[in-house]
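My questions all concern the structure below.
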Amino acid sequence: MFILVNLKAYPCDPVEVASAARDVAEDSGVRIAVAPQAAHLSRVAETDVETWAQHVSPVEYGSHTGSTLAEAAAEAGATGTLLNHSENRLKLADIDGSMQAAERADLETIVCANNPEQSGAVAALGPDAVAVEPPELIGGDVSVSSADPDIVRDAVDAVTAVDDSVDLFCGAGVSTGDDVTAAADLGAKGILLASGVAKADDPRAALEDLVSNL
Amino acid sequence: MFILVNLKAYPCDPVEVASAARDVAEDSGVRIAVAPQAAHLSRVAETDVETWAQHVSPVEYGSHTGSTLAEAAAEAGATGTLLNHSENRLKLADIDGSMQAAERADLETIVCANNPEQSGAVAALGPDAVAVEPPELIGGDVSVSSADPDIVRDAVDAVTAVDDSVDLFCGAGVSTGDDVTAAADLGAKGILLASGVAKADDPRAALEDLVSNL
Amino acid sequence: MFILVNLKAYPCDPVEVASAARDVAEDSGVRIAVAPQAAHLSRVAETDVETWAQHVSPVEYGSHTGSTLAEAAAEAGATGTLLNHSENRLKLADIDGSMQAAERADLETIVCANNPEQSGAVAALGPDAVAVEPPELIGGDVSVSSADPDIVRDAVDAVTAVDDSVDLFCGAGVSTGDDVTAAADLGAKGILLASGVAKADDPRAALEDLVSNL
Amino acid sequence: MFILVNLKAYPCDPVEVASAARDVAEDSGVRIAVAPQAAHLSRVAETDVETWAQHVSPVEYGSHTGSTLAEAAAEAGATGTLLNHSENRLKLADIDGSMQAAERADLETIVCANNPEQSGAVAALGPDAVAVEPPELIGGDVSVSSADPDIVRDAVDAVTAVDDSVDLFCGAGVSTGDDVTAAADLGAKGILLASGVAKADDPRAALEDLVSNL
């Protein structure tokens, strides 16, 4: 199980969350990464937590003002990147371009998708993982296991049918250790979560709960 | 073989091209359709040529100013729609949404893609056909058969691997009857073309040449 | 006072609304126009109502698949176009480009804006009118006069300070004849409205009410 | 005169350019700033050069994955931000939103624009400066003074007519000290430049030449 904590644009202290994630990962043996704002990548990477970008642009070195260059994210310490998050939907051609940029910079990729059909589609582009984000679960308090478990199973099937080397992650609806177990039982190899850790009063305790059943 | 003539925003007379396409389709027995500007759909449909939209928006009936509603395109006479053309790249989620809109309005769909990987990706969404548009052939005078025949074969393979009920069209590099034969030999079930007919001095003669080997 | 009825992507009969608008305009002497889907422009224009596009693309004749060419909208009968509606926000450079396209095709322009600052900004581009759309009034049942009259006054001031030949329209919060009077009292030279007419059981009666105080 | 060096996504060493800019600024007394990739902001700021972001997103703290939060840029050391660069054109509403975000984070703003009309438009939003980027000069080797000096004068006039507290910068066509003098003579209070410094064999020498007449 891989747990990726997306800090979005939250007013949290990225170094505090990163340090907690590093410690819980070490103590539990569970793989945990943190995805901060691009401007915070180097400070987060300095904690030695596994550091991911929230996005990289579909560009190479060149005249691209305001882009997030994959190579710059890597230099700042990122080893992977999210792409096509529901808050940052990309053109299909740009998902492909950003994945090529990530590959050049040796970044792993998790590409988000709305539903099983789109999960199968992005699997065809060969990411490391696809994260399915059922729209009805995004940002809510509903657990994926109680709300719509079939969407995870269907997404696993859709991804596997296209490329069985691509993992399916659960991209929404997980906030507790029981949710993590439920997601794993549905076939998810990883989870994305955000506010459950980043906005928690005690991020370390939230992370410890998440890994408690693993 | 299905020939779709995309009129783009060319300064041609859409009714003249549509009438020629109707006549050549009737005379040759080859399926030929014309995709005009949305504002010209009804005039083109009145010629009785098969009429396609160049795009429909990923929306349902509602508050969507400036959209191209699939149902409105269908009412004006369209029976199919292009999506994600290289001049109108869409977000992956919107390709999915526009395909759902097309389905509600009983429109067939041809979804464009840059390369074999993206062709496989859109095939996972279940369109009627995928049109591969190698960037190096778009808008040029190079024939697909001479320039890069492998991209068509690879796209056929990528699409078939995902869903063998989805046809692969050749979306660029076709302007003569010999190109059509070459595309068919590579496995294409249809072609998209634009300036070769729409900007021809004699659109009828251009269409007759295209179908001459079929 | 100029009343522009935006049909958006509503499931109304565009010809029924257009015919009602034409009749009420003739009977009352008030200028009333209707903006349908691009695919419905020609049918609406055939009623002899003043016909507007909901959007035109910032392009000239050429390779622009899926665009809304200003010249095509004009050929279908449009004599003006909305731009930058809150449901179709444009890049600043594209507002400028679309206005140039509209000018080439002899279309009048009404450019929408969120607030007085943006109203002043678009006035600098020289449209025929700017329609201010306070976000809190869009799509709601609140009247502009009761909710936030100052935004209309401030927008009039902002537009006039930049170019006093540009009219300010009230782009939201108007659904009755009293609202029209209130908007006029605040300095608006026209109004945009949509659901109040397009989704009315009796569009003609809704229009008659709108012009009743004029 | 204010010189802003935009590092875009160039494969330069941002710290080397930043150190040179800091030294030349100190030696010459000319204000010089450097705008790196967001992921490089903190390393650049550590050199004590004046540090700018290339872009900030029109968002507040919240759920905005992949955004460039103004507050995060400021925490990393930025004291200003470019907006609406020709390689990163924004919706008008987002220019306004990004300027509000910049204001909350105490960032100065330079907003780019294509031509005098758009320069006047963005001036209405109240930035610290507008940088006019004539499309024919972007990325080229032509000097603004030789190519089209009137566009700078016209942009100064357009901006001043709307808000005479807003400075006009020359956003393209400057690569030598003589160009800087020419831009100043045309009324520009600052310049943007990129490859002339970032891709120079000797960035320090390039900067020294730029300030040599000031």
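When the chains are written out, they are named A, B, C and D in that same order, and each has its own residue count from 1.
Here, contacts are C-beta pairs under 8 Å (C-beta built on N, C-alpha and C of every residue); 3 or more make two chains touch, one makes a residue touch a chain.
It should be emphasised that the depicted structure is a prediction, and the values quoted were computed from it without experimental measurement.
If you average the Cα atoms of chain B and of chain D, the two centres end up 43 Å apart. Centre-to-centre separation of chain A and chain B, using mean CA positions: 36 Å.
With centres defined as mean CA coordinates, chain D is found 33 Å away from chain A.
Residues of chain B in contact with two or more other chains: none.
Judged by the touch criterion defined above, the protein chains form a single closed ring in which each chain touches exactly two others. Listed by chain label, the pairs that touch are A-B, A-D, B-C, C-D. Partner chain A is touched in their complex by these residues of chain D: 6, 8-11, 37-43, 53-55, 57, 59-69, 71-73, 75-76, 78, 82, 85-88, 139, 194-195. Chain contact summary for the complex, chain B toward chain A: residues 84, 89-96, 113-115, 117-118, 120-126, 158, 162.
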